[in-house]
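Structure below; questions to follow.
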Amino acid sequence: MTSPKSLAAKLRADESIVTAWASLAAPILGELLGRSGFPAVTFDMQHGQQDFGEVREGMSFLSLTDAHKIVRIPVGEMATASRALDIGAECVIAPMINSVEDAQAFAEAMKYPPVGKRSWGPHRAAMLKGQSLPDYLATANDETVALAMIETPEAIAALDDILDVPGIDGIFVGPSDMSLTLSNGAKLDPNGEKTIEVCAELAERTRAKGKIAGVFCMSPERVHESRKQGYRLMAYGFDVSLFMGAATAAIDACR
Amino acid sequence: MTSPKSLAAKLRADESIVTAWASLAAPILGELLGRSGFPAVTFDMQHGQQDFGEVREGMSFLSLTDAHKIVRIPVGEMATASRALDIGAECVIAPMINSVEDAQAFAEAMKYPPVGKRSWGPHRAAMLKGQSLPDYLATANDETVALAMIETPEAIAALDDILDVPGIDGIFVGPSDMSLTLSNGAKLDPNGEKTIEVCAELAERTRAKGKIAGVFCMSPERVHESRKQGYRLMAYGFDVSLFMGAATAAIDACR
Amino acid sequence: MTSPKSLAAKLRADESIVTAWASLAAPILGELLGRSGFPAVTFDMQHGQQDFGEVREGMSFLSLTDAHKIVRIPVGEMATASRALDIGAECVIAPMINSVEDAQAFAEAMKYPPVGKRSWGPHRAAMLKGQSLPDYLATANDETVALAMIETPEAIAALDDILDVPGIDGIFVGPSDMSLTLSNGAKLDPNGEKTIEVCAELAERTRAKGKIAGVFCMSPERVHESRKQGYRLMAYGFDVSLFMGAATAAIDACR
Amino acid sequence: MTSPKSLAAKLRADESIVTAWASLAAPILGELLGRSGFPAVTFDMQHGQQDFGEVREGMSFLSLTDAHKIVRIPVGEMATASRALDIGAECVIAPMINSVEDAQAFAEAMKYPPVGKRSWGPHRAAMLKGQSLPDYLATANDETVALAMIETPEAIAALDDILDVPGIDGIFVGPSDMSLTLSNGAKLDPNGEKTIEVCAELAERTRAKGKIAGVFCMSPERVHESRKQGYRLMAYGFDVSLFMGAATAAIDACR
Amino acid sequence: MTSPKSLAAKLRADESIVTAWASLAAPILGELLGRSGFPAVTFDMQHGQQDFGEVREGMSFLSLTDAHKIVRIPVGEMATASRALDIGAECVIAPMINSVEDAQAFAEAMKYPPVGKRSWGPHRAAMLKGQSLPDYLATANDETVALAMIETPEAIAALDDILDVPGIDGIFVGPSDMSLTLSNGAKLDPNGEKTIEVCAELAERTRAKGKIAGVFCMSPERVHESRKQGYRLMAYGFDVSLFMGAATAAIDACR
Amino acid sequence: MTSPKSLAAKLRADESIVTAWASLAAPILGELLGRSGFPAVTFDMQHGQQDFGEVREGMSFLSLTDAHKIVRIPVGEMATASRALDIGAECVIAPMINSVEDAQAFAEAMKYPPVGKRSWGPHRAAMLKGQSLPDYLATANDETVALAMIETPEAIAALDDILDVPGIDGIFVGPSDMSLTLSNGAKLDPNGEKTIEVCAELAERTRAKGKIAGVFCMSPERVHESRKQGYRLMAYGFDVSLFMGAATAAIDACR
């Protein structure tokens, strides 16, 4: 059963949450990540191999644990944000939110009126939460978290305005794309000095607005550092790397 | 085999059609709804749990019966409207058509030139209909039904212009979202007095334009009332409710 | 979460349990049956449309509720009995157990040594139960229920010896096949007088041996009568009939 | 293993490539097309029955052969272009590119900065290619081919400007839609004189810009003629037609 | 819709039927074989890649055509014979029936009492046939065809006794395995003189008993010859060969 | 591409091979195990969650690497041994081979005449190996490895006779079940002194007969020790443990 305290409540209470990152089209892995102790699991539809069907199954399996459910949608597919909520996501991460217009479109898909334009039909989500439909409606805008990915110079410039968009609960920083766009395609440098400085600045500006800051981390060290920078949702634990790292170590130990 | 008289022909002849509402990712249920006597089944991709693959399978299974095939697409995913037609949908319902621009984008995806911009490739649809490709082309614009969902104040205001968009065959009213947007998010009241008044007005305005009016109904009573209001496509019979209602009654009878 | 008190414990404590009957290859339906209030769900692999993969998914989904998990295997596929236990079944029903030899083969697949020859590997079952592997081993022979289907004259004749086979926890009566074999193929008469008499006798003989009696019921009335006859596991609530019955009633109400 | 020489390199070296056309939701067929000798296979998501999941599986299976991997996306679903690349596509064909704006949106999804705005995350593609992630980044913009479908009068008029959009590697002509739009919906005439003239003109204008020209062909004759017209990527070998043609011939031979 | 005249009735009326051979795990191909004109399609579970789930889907899809449905089960899996009938097979082919005991076990799984021991539960089959359950029971033993594969010297020797087993409707000859077992593993020679002689003898002995003879054919010529030899069910049209043959021819024509 | 030197050749040349153990119904994981450096991957159908369909997909994916393909079948399902070979397995492990009769039934399913009774139909296996069908036939009996699981006192007693059964290439020891049966169900002790002594004896007796010895190992240490004991196929690297171990370590590092 999902934890009685919502992800939104935890993040707003300044709790720190680490989310695993599920990319494979193998729904059982989401459940195993939850059972392994991750407080949240993100199903990545942007760069992951899974599609809506596998995310749906993964969300049901993950509901066997008390881990929170997050979905990253493909670039610009705002209808998928609403659909992810309808099948039980507690948080949606939207990539490449580079302008106020992008942020508004995202917020509209995430929040019911009067904040946004989300359409009614959350039967599966309410079922998985054990909520009545009226209770779901009464709490949904507060209990679902809309995180806008900030990963370009344009987005950095527009950050304050993006954060002011009603319905945007916070940001999620992608350091790989950030380093790529900051260098105009010259290099990937997610752990580089400049990238980390920008990350620090983004967390600070986001917290100054009273919003939630999340970030993708390439190592546990970056998780700890990001927490100190003010981030509260840190993604670490990429399924492919976890599995292949363990498998490589296992076969190496047998040689 | 699909009924020789098309859904479009029936609706245009002022016949009244009730469509079941399939939301689960379980294609066989579409077929069972058809076999149970529903004259049409709608596969809901907006709020339902199914994705394109399950709709595709459901449409094949449903073709074992003479029920008509309808698909509701996710908000704004017009390419999915075309794809739904290509795999055999006879009618597509597009949610949140709030402006003439929305309606035009929908009509373009639904109709071949000169009415719209639908691209050629209906091999599966023609196969399921038992039509040659030239016959499919000759009849498709008439035989496929584009229904724009009217569920916001903006849409109500723009209704006459939306109905004038070439290729829009009619409307489909969502009373839940309508009540939510009319109350600016204050309450869900699909069977409320005001909602029903608006429904009546929408049917009247639509019929005045010679177009088809459809509506989602929360009960058989609403089906009968809607028919009197001028609606001709009434959605009733939500798969989850049918199944859980029957299951609850069955276990209760055994206590 | 599965109920803390096991199905075995309940049945041995003379509690009466009604199990729904899931036949469709649609794993979500198992979960919905559990959510609708059924204390147990049986996934039928003998005459149902589902195969091992769908049963596996159905068992995971059903674990979101506190309903107990039962699997009916195909005739003579004893390896499938072990596999069903490994993925979480708490009870397995084996059809056409007509002799002591049949019963022994079934018991061997169901129980670890020294009772039977079940092979070790219950990782998924232990995970779904929240048990450590040693705890699973310590409790498995008691907590998993082996029910032999009695549905032929040979089986009736051999019943006492079948019940004496170590590892056989009880019987499950199939009145349709019973009527068919008793009439040598002349008629299906699951609710006939003779069938019901035989059912009564079988329950009595089984209880006399201190074992569990289960039976498939065609109606709630038969559930109540069977309970009086001494049956404790009554199957009622066939997914296809529940769904099509509800669907037929729904469309009829709209006419 | 994929051929060491990339599809992009071959097309830029003026090699002629024929691609089969996979439309069915049956991933194994992609592999069989590759094993049958086709140098490339296109998975069609626009008019084909398959969705993202089947394309993903088909790309893995096809990687067992040395055939190149191409995906045609649904109209306007630019996020799917990026996702197709991430799971291993070497070329993406985008339908209905009718303006410079359409072309820019497509190029942005296909190319990393500084050319476009593709987001980083090609783990599966790099794995299938046997490339390190830095090598993938260094070569991706050159090695992935963005082909804009030209199939309307507007597109013909805008062709030169479309070809000048950075990141657009060439065009792909759809003669069926071309004939439909040129005749304003009057007829399908993919092999008609006028259509073929337009095809010739398009190849010439494309080659004049140093870009790649591709075309869908209805027969081997059209493949040969298109090659003479300057086309280098010719699509022929539609899975449904191949299979049904062979099946019809087989049963006919048995009569 | 399945042809009103059953496969059994046709074969018993000495009609000649050619069945395609579906081996791939791609259910849609079964339907396409039916649409291409094959009067029957055999889903091969012994050497084919498909499992029960894909056969189940293939049978539903094939029901969109009037082709008859046949399943070949894995060696010795008699429970699968019953399950195949329950999901709609009209004929089951059992490989490696080498003795009267093998034949009895097969017949028991195929026929209801008093002929065999098939268990009751044909809801899907009756649904696909459009029959009531009582009608299904009344006709099933006549309308389902049990074909024992004869492919070893032991089977040849035991043929007359095998044919006398009640419930065995005929034979199906596997010339590849026959040549392999007759040569004690030395060579595959399905079209060899000796193999063809044996085939002729088997047809003659089977017809002398008034039973149905079927055979796998490597070419249309073998279909014609087998028909002359007295065979009435000829298998030809292997999905992999049809598809790869057509694909190879297509790419060759483009070179 | 599969390694040109077969698993059989390597094992017969006294090479030592470690096989990973895939149990989840997630075919991609097999491929990832191969890419991580395991020289072989075993798909477990006995206690694993996967069924035939997922094994089939896993074998195709694994063919993208040069790892060898092994399948463990459910207890007594000999038809599945043949089917596993037909879809590309190079080695099959059969559990609970406790007698010469068990061993003969297994060998019959694994080897073509004159050694056994395997039936002809290896199209997928030959395709994945890149072999012609005649070459496959000529080499199959040598190149496919039949390993009988020895895990009970009866099997230990019968070992020499089991090893003498033509077609049995060696054994595979299950220390968990061995400890359970040796203690008559009292305890699981796969790494216990007595279990290890028995393992040593089994390897010695197997090597004395010139056959291959394999064993399941609970740790890399046991792999090294088993190699010294004469084992050549060591199973280590259980997918669930690898993944959950890595995930637990990852989240722990972030705390």
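Note that the chains take the letters A, B, C, D, E and F in the order they are written out, and that residue 1 is the start of every chain.
Following the convention adopted for this analysis, a contact is a pair of C-beta atoms (placed from the backbone, for glycine too) under 8 Å apart; a residue touches a chain by one contact, two chains touch by 3 or more.
Not measured: the values here are computed from a predicted model.
Engineer: What's the minimum number of touch steps needed to get from chain A to chain E?
Structural biologist: Shortest path length, in steps: 2.
Engineer: Which chains lie in contact with each of chain C and chain E?
Structural biologist: Under the touch definition, chain C and chain E have B, F as mutual neighbours.
Engineer: Report the chain whose CA-based centre is farthest from the CA-based centre of chain A.
Structural biologist: Relative to chain A, the chain whose C-alpha centre sits farthest away is E.
Engineer: Which of the two pairs, A-F or A-C, is linked by more C-beta contacts?
Structural biologist: Between A-C and A-F, contacts are more numerous in A-F.
Engineer: Do chain C and chain F face each other with the same patch, meaning over half of the contact numbers show up on both, or with different patches?
Structural biologist: Different: when the shared numbers are divided by all numbers used, the fraction is under half.
Engineer: Which chain lies the greatest distance away from chain C when centres are computed from Cα atoms alone?
Structural biologist: D
Engineer: Where the centres are mean C-alpha positions, what is the separation of chain B from chain C, in Å?
Structural biologist: Computed value for the inter-centroid distance: 41 Å.
Engineer: Please tell me the distance, in whole Å, between the geometric centres of chain B and chain E computed from their C-alpha atoms.
Structural biologist: 43
Engineer: Could you please state the distance in Å, as a whole number, between where the Cα atoms of chain C are centred and where those of chain D are centred?
Structural biologist: Centre-to-centre distance between chain C and chain D: 53 Å.
Engineer: Per the centroid of Cα atoms for each chain, what is the distance between chain B and chain D, given in Å?
Structural biologist: 33
Engineer: Which residues of chain E are in contact with two or more other chains?
Structural biologist: 25, 28, 35, 49, 51, 53, 240
Engineer: May I ask you to sort the chain touch graph into line, ring, star, complete or other?
Structural biologist: Basically it's none of the tidy shapes, so other.
Engineer: Sort out which chains touch which and give me every pair.
Structural biologist: A-B, A-C, A-D, A-F, B-C, B-D, B-E, C-E, C-F, D-E, D-F, E-F
Engineer: For chain A, which residues are in contact with chain B within the complex?
Structural biologist: 51-53, 56, 78-80, 82-83, 86-87, 109, 112-115, 117, 119-124, 133-134, 137
Engineer: Note which residues of chain C are touching chain B in the complex, please.
Structural biologist: 18, 20, 24-26, 28-29, 32-33, 35-39, 49, 220, 223-224, 234, 236-237, 239-240, 242-248, 250-254
Engineer: Show me the residue ranges of chain B that touch chain E in the complex, using the header's touch definition.
Structural biologist: 1, 28, 31, 35, 57, 60-61, 63-64, 127-128
Engineer: Can you check the complex and tell me which residues of chain F touch chain C?
Structural biologist: 23, 25, 44, 46-47, 49, 51, 53-54, 74-77, 95-96, 151-152, 174, 176-177, 180-181, 184-185, 188, 240
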